[in-house]
Amino acid sequence: MRKAPYGEDTRLAKTLRYLAIVFITLVTMFPFFWMISTSFKPVKEWTPPKPVWVAHNPTMYNYLTVFLGPGRAKGGWWASDEGVRDVAEKEGAKVSLTGESSIFVPFMTSLFVCSCATFLSISIGTLAAYSISRYKFGGNFFSFFILSARMFPPIAVVIPLVVMFSAFRLLDSYLGVIIVYTGFTIPFSVWMIKSFLDDVPHELEEAAVIDGMTNFQAILKVTIPLAKGGIAATSLFIFILNWSEFLIAFLLTSTRVMTVPILISRYFSTTLGHMYGPQAALGTIATIPVIIFGFIIQKHLVRGLTFGAIKK
Amino acid sequence: MKNLLKKIPFPIALIIPIELVMMFLLIFPLIVEIWVSLTNWTPLLGTNWWHAKFVWLKNYYQIIFTDRRFVMAVLRTILIATSCVVVELGLGLLYGLLFVRDFKGKRIFVSLLLLPMMIIPLVAGYNFFMLFIENGPINQVIGWIVGRQVTLHWLSDPTLGLITIMVADIWEWTPLMFLILMAGLTSVPQNQVRAAVSLGARNFQIFRFLTIPLMKPIILIAVVIRGMELFKIFDLVFILTRGGPGTTTETISFYLYSAGFSYMRMGYIAAGAFIVLAIFLTASYYILKPVVKEIA
Amino acid sequence: MEEEKNNDLFEQKINRRELLKRGSMAAGAAILLSSGVTGSLFAAKKEKKAGKAEGVKVVGATAMLRAVNSAKELAKQYPGAKLKVMVPTGSLGNMAPFGAQWEQLTGVPVSFFEAGYGDDYSNKVVQEAVAKTGQFDVTPPPPHMIPTVVESKLALDLTDWVAKYDPELTGPNGVVAPLDKFGCSYNGRVYGLDTDGDAWSLFLRKDYLENPKEQKNFKAKVGYDLKKPETWKQLYDQVKFFHRPDDGFYGGIMLYGSFYSKFAYLQTFCSKGNYYFNDKMEPTFNSKDGVEALQYLQDLSEFQHPGVFSMQWGETYKGMSDGLAYSTFAWPAFARYNNKPGNAAQNKLSYCVTPGWDVKGKICHATMLPYSWAFIVSRYSKYPELGYLWAQYNQSPEISAKAVLQDGGYFDPFRYSHFKDKDVLAAYTPEFMEVLLASLQVSIPEVILVGGLEYMDLLDKEVQAGLRGIKTAEKALSDAADRWEEVTERYGREEQLGQWKSLKSYFPKSVSDAVARKG
């Protein structure tokens, strides 16, 4: 076979590569496919004796549960025809069920909380990253110190955190969750953004300062736009981390604030145990915002995660 | 006031917000945890943590030298972390190599391969639970390949349980490694490559002596970041095996969780958490030492 | 250049020493912060000593009426009072529908919020014990958490209110003994109002048990008549006989997985006429009886559905309802669930009390009563007495009889009056109710002591190791005993012994008689 010069592939190599990619993609997509398939399965087909790949009796009931909340969903779950709320209302009056458990409010809450936390984390992180990048603040020690914040098992920090938040009346509040999410993701934003800033030559800022800008304006108007791609990439990563977080949010909230992961943990019923169908349905829906962001930022994402050690 | 503000050196001014956040969020709990780790505090005694009795280093001593379950959990977590990192790195490299060239539909395939990372870990966990139970599709597919019915206990066997947890984690986080490595591969400076080719180097030699060394910093950072998260692995263990059977698939976080919330031994687990922190700090320091100059 | 000079300056100045200085400043600030925090915690706690209520005259012929009337009177002293109840996910059905009626009758609004199930819910309760935020007034933790919530000072002592308002824990409508004791009391005082009769019963396939052909074959093969098993040996014979994996039908689909295996073990062990501890507070299961009990379960596992080691109760319920197995142990809700028209298992199930062992001539029955729920009142509630009255209302004979019928909840019949209520009998089937009453009367508690969760978890882990063949039965139980001893030492043998003596007195008569017979 003719040996290809570096930079080109033989037909065979191309085909093999294509097959490999398709195979890998299929295997990787399999759990995803299973999740989507499960979201259409009725109760009997979640863990049946013989696995059901595609629902024999597909139903929209899981999605209905997600949108209406388990309390309102009629039939199927409780093996009777009425959801809890209907029974309650039949008994004669309004029942106040806090945290109604339909998807809308938690979805909006998650979006709001995660966006704010991501924004704060990136902003604060950028400032610190700038200081480390340009002024070598703190040497190795400070950088490591920040990174070490992520090394501590969160289980151990949770109780003092709850005590502290309770003293400041931050429990079960949007602000409390935002603060925690910000703090927990700052190490990532500092480390990642610092490396992008390293790639931006600091002569440009000095030139801007000479031209009359203050230091701060120079950062804002010169440096950040140049590192825009990497910052966008970091934002996505941090957003994903916040979006998926469960334990801290669960312990810090009770009635007023509910995020999507907490809602997922609520899909549990007396007669069925874990409700895999609605969980899969909500899981599928919850992936959509992240996928959208990821697709938009994909170009930057590729560039972004190189930590600056690569020079063109 | 404004004069005072002007006097603060600029770099320090930049650091103030992060210091505030870290102080508020991290330092206070850390100090509390250090204090608590030196006591035998448990809510079961009815006292507040600042009243708890000091036992100084007894917790540390006990947990390292007499608590076999903790030591096993640490060793097991190290095993899981190293295996997963190695496999994720290898797979990520493989994917990266496959995707170096452009081809039709590359962007779509990349998007698809990134999906596992974006799914909520809880949901992924339940999904894998359904896949790996005895009457699930994994056993079914294996049965097709082997030719007879197979019921492997993926979730309730000490070895298979660990494998299931690792498979689930690898599935979920290989995309991250893939991205990092792909970026590294595509950023190899072209003039160096051309020089190597003109000197007669073959593909494999270029890869081994040029590409990999250039990518060393990224690889190491990816290893540290992924390793850090793996060390704390909890959700998957909880949903898939609950640390079982017995304690044979327990990780550090799971043991600390049991000891903390079920047994309520808050002082004890605080000591355990600091030991974990110490282990990881040391490990990452040595891993990152060769490249620290380029990063920090 | 000015900029360069600044940069150099900083590279020199901002070195390790500078950082340490700033670090210690930060630490100092944090310590100040923390003392401020703890100071405010103290202040907050002082505020929350809910003012003692003026005495209220108790009027009403039944527990519910007493609760409602007293609450109405009491509410006048707390205008604007609102109650918050934290419930485990999925249990709203037992409480929410009746909240409206409560509000109409007393004028006190009550709201509910769900807080996860299982571990998540327990964590929330623990967190509240530590953080003391007052986020709920009443909550129903399982009785095995009662020592935790009492010792951590979360739960209020209800004994005086019980004496005053009489929720009918005893008496003709009372909670079935011994649940009235171990579901509500701890060290002789009442801390909870138990509201769920979660005793396990044995569920069998009626269409196999009463099938004449099967009966004939069974008698021919095994040597005695096929009927509801009274002893564990008989259950073993039946499970083995009906195990037909080639037809996709298994002898049993019991809970053998992590967290649940301890329940199966404890009832098998106890029904040999044993308590959990002896009079020196040493565990008793590293003995011949204990090993035999574990070996029995090992032997039985051969004839179980292959998935039983990973399944949760949701899956075993589904499996049994779908007709995959001959036998299972389950909570009472299973009977109600399967009794719905249109359900595949309707009319196909037969029930009996958990079998026992022959102990010196008489069969000792002991069935596990895992979980259950008991209302406690939070010390950090602003309206504890009102909260208590609501709990009494919901747990009262009239309301609870309706509550256990609801599908969106976990509560099962637990009062003698339920066993005469025609709606409850219809929902659970009279046949099952007869068995449930008998089961409740021979039910054994979980290890309801300080450190109880730790004891049980450690036992569960060793039982798992034994069942999966990782250790021999002797080694597993001996290791478990060592772990238990460590826990006992840590909490103080004398204190544990005192609590244990109290718990021991709550065991059912069938067990105490058997222990006495053994001598």
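For reference, chains read A, B and C in written order, and residue numbers begin at 1 within each chain.
Convention: a residue touches a chain if its C-beta (ideal position, glycine included) is under 8 Å from a C-beta of that chain, and two chains touch if they have at least 3 such contacts.
Keep in mind that this is a model prediction, so the values were computed, not measured.
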Chain pair with the higher count of C-beta pairs in contact (B-C, A-B): A-B
Chain located farthest away, centre of subunit A as origin (C-alpha): C
Length of the line joining the C-alpha centres of subunit B and subunit C, rounded to whole Å: 35
Distance between chain centroids, defined by C-alpha means - subunit A, subunit B (Å): 16
Subunit C, residues touching no fewer than two other chains: 10, 14, 37-38, 123, 130, 315
Sites on subunit B at which at least two other chains make contact: 10-11, 22, 24, 28, 32, 133, 135, 261
Where subunit A touches two or more other chains at once, by residue number: 46-49, 134-135, 137, 139, 159, 163-164, 265, 274
Residues of subunit A that touch subunit C when the two form their complex: 43-44, 46-49, 70-71, 78-80, 82-85, 87-88, 90-99, 101, 134-139, 141-142, 158-159, 162-164, 166-168, 171-172, 206, 209, 250-251, 254-255, 265-266, 268-274
Residues of subunit A that touch subunit B when the two form their complex: 5-6, 9, 14, 17-18, 20-21, 24-25, 28-29, 31-32, 34-35, 38, 46-51, 53, 123-125, 127-128, 130-132, 134-135, 137, 139-140, 143-144, 146-157, 159-161, 163-164, 179-180, 182-184, 186, 190, 195, 215-216, 240, 243-244, 246-247, 260-261, 264-265, 274, 276, 279-280, 282-283, 286-287, 290-291, 294-295, 298, 301-307, 309-312
In the complex, subunit C residues that touch subunit B: 6, 10, 14, 22, 26-27, 29-31, 33-34, 37-38, 119, 122-123, 126, 129-130, 147-148, 151-153, 257-259, 306-307, 309-311, 315, 450-451, 453-454, 457, 461-462, 464-465, 467-468, 470, 491
Contact set on subunit C toward subunit A in their complex: 3, 7, 10-11, 14-16, 19, 37-38, 40-41, 44, 84, 86, 89-93, 96-101, 103-104, 109, 111-117, 120, 123-124, 127, 130-133, 135-136, 248, 312-315, 317-319, 322, 324, 333, 337, 340, 342-343, 406-410
Of subunit B, residues touching subunit C in the complex: 9-11, 19, 22-24, 27-28, 31-32, 43-46, 50, 133-135, 151, 153-158, 241-248, 258, 261-264
